[in-house]
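Next up, some structures in structure tokens.
Each of the next two complexes has chain A plus one other chain: chain B in the first, chain C in the second.
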Partner chain A sequence: MRDPVTTVRPAAWPKTPALKVGPADDACNVLIVGVGGQGVIMVSKVLALLAQSQGFEVKQSEVHGMAKRGGSVFSHVRFGKRVWSPTIPKGDVDILVALEWAEGLRWLPFLKAGSGIFICDTKRIVPPFACLNRKPGAPMRYSKETPAEVVAHVGEAYAIDATDMAEQLGNERAANVVLLGALSTALDFSSTDWERTVAEFVPKKTIPVNLEAFRRGRGWIEDARTSTPAVDVPAPTPATAAPYRIRLDINPAWCKSCDICVKMCPERCLILNAERIAELAAPDKCTGCRLCEWLCPDFAIRVNLDAPEALAR
Partner chain B sequence: MSETLEAVAPSAVRPNDVRPLTGNEAIARGAWEAGVKVAAAYPGTPSTEILETMAEFPAEDVHAQWSTNEKVALDVAIGASFAGRRALCAMKHVGLNVAADAFMSQTYIGVNGGLVIAVCDDPGIHSSQNEQDSRIYGMLATVPILEPSDAQEALDFTRLAFDLSELFDTPVIVRSTTRLSHTRSPVAIGDRNEPPPRPFIDKPSKNVMIPAYARPRHGVVIEREAKLKAYFTESSLNRWEKGDTGFGVITAGTCYPYVREVLPDANVLKLGASWPLPDDLLRRYCQSVERIFVVEELEPVIEKEIQALGFKVEGKCFFPRTGELSPELVRAGFEQAGILEPRPQQKTWTPEPLVRPPVLCAGCPHTSAFMAVRASGARVAGDIGCYTLACLDPLRGMDTTVSMGSSIGNAVGMAKAGETKPVVATIGDSTFLHAGIPQLINAVYNQANITVMLLDNGITAMTGGQQHPGTGKTLRNEPAPRVDYEALVRAVGVKWVRKVDSYDLAAVHQSLRDAINYRGVAVLIADRPCVLDPVKIKGPPFTVVTEQCNACQACMNIGCPAITWSDQSFEGRHKVQIDQSLCIGCTLCAQVCAVDCIKIVAPVMQ
Partner chain C sequence: MYIETAADFDVTDYLRKEMMPHFLCPGCGHGIALRALLWAIHDLGLDRDKLAVVSGIGCAGRLSAYIDANTFHVTHGRPLAYATGLALARPDLHVVVITGDGDCLAIGGNHLIHACRRNLKLTCLMLNNEVYGMTGGQVSPTTSETRLTTTTPLGNQEPHFDACALATAAGAGFVGREVTHHVPKLKELIKAGLEHPGFAFVEVLSDCTEIFGRKNDMGSSSDMMMRQKSEIRPSAYLDTVDTPFRSNALPTGVLTRNDRPEYGAAYRQAASARAGTSS
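== the complex of A and B ==
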């Protein structure tokens, strides 16, 4: 049984867990994932160039196109004496580097069972899609997995506050380089070679901050290997409470058909009916936000919320 | 055939110069090494980087251009070929549909300077409207198709394609797929070898396709096919990798590495040219093995040919006809066929995946247009571009999307068919120039009652920010004449034209209402640059005064990725917060917040 709160188990950390420099022709498989705009491709390019400069055959495969648009982004890097497929078969990933928490979870099933290493930023990027259910009390549709569940399914797991660490350095965008530093401890390339390659890829002005970010990421893992820190992985937000009961009172005598409530209702649940009087056409969509009540110039709408006791105002 | 083989000896390879290149970069490099003089394309994922790479080579070597659409690009390349120069045209798979008219004639004409068309298919539909298999165009046009399986072959095959084109007097297709185009692997590169220009072939019977000249040319094309088959039978492009004869695998292109991944020692016939297929070689191969498998992505092109030769072959019964193949799928197919032992079942755990579709950027100028069309209650015929993402919640502002430029024609059809709602077509600037102008002229000519929203963000954004005739810049970022949309639209007879600032929400709503109320074709131009390209726009960000937010969710309807729920709530609904590193300060959310609690973060004076 694994310790459910500790995400780092340094005792089991092998120095070169996946890299096979010997005669074996199995490739080393690193999958780098995140959200568009986070710098996934940069991480994979650095790794690919470094591996190539050390004499390995390297294939680096990504699908861009939607990459800039905040979608999920992934890049496969495989290197070894001979590499065939540009993509890593499911279950064959040696190291999974995730720049965002839910993206890391999405790809966890690709990790090699028992021996795969999971390095994940705790950064959460909540897409607008996760916030579609606006009903009072509705939960966010972000990932629901608990740290314990995650830990139970990987060989090695590191949840690192890379974005926070980069922010402390004054450059949030260097989070991917913090993760590169973390990744570097799992592969048998010298830190001088790593740093030289990083410097090739970042804008000149940002070389010092990026090298510092790299060292912090590397140092964090090295610390983690000698101490036993319990890192809290972000837990899912629980649903707040039971929903309210919402009632709308519309006074037809006061409604002058101005259309304001219809146009302003965020849920688009009001219409002007055949008599051109405001009517709640989609009661199941109404969230009780009261905009119609506040915006109606003639006080024709009243929104009643019958609140459950438990909810504080 | 030995003479032809000699004639296509490879050009000089630079010793020890190996670089990591993507498939697309390798295709461009191969064309440049082959001495290409004119390269033309319209952007389209996954082919876009071919021309972008081309533009990195000196302008004296090659004229590289963005053309208005794929047919135009192919016609430009054909012109260069007529003029005796080597020419490249690049496009995504669906681009070949647009260029097909020229393509189908050019196959009769053949070439003067070598003519190569790089077509990038998108199995799995990573970023397209369909996953058609371009090899079928090779069959239709009787044009050879070379299918590289990695970046090195992408370079070598492209270079060779120019030689073959001239040798056999035919356009040649180099077919890539998303996986190859966007995979980087080591490539040994060579030098440029520019052949001298060939004199114009003054022969109308070859170059002018009137019926009397075209009829005999069709016969020439059929003869050419036979010559190509004979050539491919001997060519090293098709490689027989011998092994155990219990079963054999015939494969091509990006499927080859998948096959090798799961069956490293199998007996494989790797086809470098997937059209026309070398009958003799196939026959010999099929006779030499007991079971024959074909592993190919999408359509059973090779499989059907082998069946036609009279062999029993297994292919699509084990390897899916839809989507992209992968080592997993190839392995599963061979497991099912009894060739591989099933892998021990791994402990499976599937975390509930978070839905994360691509979204419009924070501050995207397209946002307001779709807030307005949705509020207008119109029927919306959409088109292809970033703005197609507005079909998703919460904007949900688009009812249909077919192909580039379809929106306006679809809108005309809807209106003429008696749609009772107002009909609005939404079309991006690049798409409008690509295929929208004839559509608009048709709408005016046939006096349709529709509104066209021209979403002018000053760039081809979806494909990563390419210049076009409306941006005033060329592929090489040099100044160019710029299309004046208002003048153009008026010139074709549109009477109601208005330009509106996409960031002025009230004006967008009001203008759309006016446009819809106008009877006839009204064109509303929404005008604001894309916030990503050509320059990244970042204004002072906004923030939410949390105490005042009543969690009405009006701002959430924008779908701006900078706005999310905070940990606080009001009456059980989530209050919102703005990620200031993402917010670019477009002001839209502040415009919709009825309680006025979204405020600009005052720029810090230094």
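== the complex of A and C ==
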């Protein structure tokens, strides 16, 4: 089960603000990760500004610019009396906030073993390279670990369905603020200061929804500490069998050997045979996308997707 | 949204199978455009007894012969004139015109601008392959500059027509453009044109591989298709992208849509008013 409330505070973060000026390791390290467009940078800026306004030295470092590509985005935030390096060494992260499930898992090795806190959205954004096999029913190469399995292996971990909570508020994009609310429980700043800083960063029209999202995220963690929350979302399991079987009807009397189908097939599974007629050479590669059917100027190809039970009959 | 009906649309249901295979050269984009038109008709569930396809002369004009519906193959450049008469006399019919770039813009250019001006309920599908393919590859009004044809051995020096700009300027109620490579999008565009209450003009960028492509060393039909795809810019992106990419590319998608009064309804109203006063 989850550790009691007292361990929520990062080990490196002393309760009293009367911090002694010391070596760099007195900094509190927060790593925020996600996918382009989710608001990773916004979360880290809110935290950085808040820490700065409380009189701490803050260093923030990020990789961004992936917003349009759905790529990996991360942001290091370090604050304390004295911070030397802008990046967090591997294994020194006190709090890891992940806005996307697989990104959270990717960065888990950065978390301080034993005392680190892992706060992760269960939102799954499946990247295109996880779907390279386009056969219907093919397995996705996305992380198969369920939240329950991961949470069990981390000292203190929370898997929140923040996206769903934000959707209930009517704005999916507020998911990052839900996670900010969750993050706020692990740090020693007052709730009013948090909300003031969040309001500074979000567009004016969305201030009420974002503040509500913040409170929900905060409330969720508080509830989670007293009860066992239902965090488990099953891993994405594609259908074990294809929902249909693919059958290509090629009419050799109409085919004019223009080879459009051969060149345009994304799976390269068609060829022109010895008679220069289109032929399905690799039926196991065909995904039934219909591109050959649509692009055949001679109407010679028909893609049939038969339900398996229809074949059995 | 695009492909919901892909499974139950079998193009051969809409073809005169005894005429097949059609006469088009291997790799001609016109066949793809014909599929998109038939798919749009299938999607709308139009009664084929109430569908009239009028076409002129040329490779595109020949397509009406393969459609299993009421078809009317008329003189060069005049399909819009015949279709205007047909649509006025039989408002219950759904009149579709298939025409080529030479048919529509050169010899039939006059009919096109007046059909646009009247805004009679018609759908005009112009298949633009930049050349007179059937007669041996002469220069057409849409042939791009510097392109070689049998009548421009030094490369075409005439500026070419932008058919969509012409139709918009002449007052067409609906103007759109798409390439043959985007079949479901083309189908959606034709569908929107068929549903438009006034004159709908749809330009399809097709490819003539055997005559135009060969003369200009443009590769196979798939190469030509990919080239066309790289030379267009979906008009839907114009508002969303800060700096328009491919700013000199041809815009595609729905380019013009207005609700000017439709000519046929106005005409019938005036006629019935006259009939009422004279009796």
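Convention: the second predicted complex is superposed on the first by the 210 of 313 C-alpha atoms of A that agree within 3 Å, B and C clash if a C-alpha of one lies under 4 Å from a C-alpha of the other, contacts with A are read in each partner's own complex, and residues count from 1 in each chain.
The rule is simple: a residue touches a chain if its C-beta (ideal position, glycine included) is under 8 Å from a C-beta of that chain, and two chains touch if they have at least 3 such contacts.
The structure displayed is predicted, hence computed values, not measured ones.
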Check whether chain B or chain C contacts more residues of chain A in the superposed model. B
Scan A:W294 for contacts with chain B and chain C and give back first, second, both or neither. both
After the superposition on A, what does A:I260 contact: first (chain B), second (chain C), both or neither? second
A:E145 contacts which: chain B (first), chain C (second), both, neither? first
Is A:L305 touching the first partner chain B, the second partner chain C, both, or neither of them? both
Return first, second, both or neither, reflecting whether A:A282 touches chain B, chain C, both chains, or no partner chain. neither
Need the overlap of the two footprints on chain A, from chain B and from chain C, as residue ranges. 263-264, 290, 294-295, 305
Touch list for chain A against partner chain B, complex: 35-36, 45, 48-49, 52, 57-66, 68-72, 83-87, 89-91, 102-103, 105-106, 108-109, 113, 126-132, 134-137, 140-145, 149, 153, 172, 237, 240-241, 243-244, 263-264, 266-267, 287-291, 294-295, 305, 307, 311, 313
Interface with chain A, chain C side, in the complex: residues 3, 6-7, 10-12, 15, 20-22, 24-32, 35, 180-181, 183-184, 209, 220-222, 225
Residues of chain B touching chain A in the complex: 20, 45-46, 126-127, 150, 178-180, 182-186, 254, 257-258, 260-261, 264, 326-328, 331, 346-361, 375, 386, 389, 392-394, 463-464, 532, 550-554, 556-557, 559-561, 563-565, 567, 569, 571-574, 581, 594-595
Chain A contacts chain C in the complex at 253-254, 256-260, 263-264, 290, 294-300, 302, 305
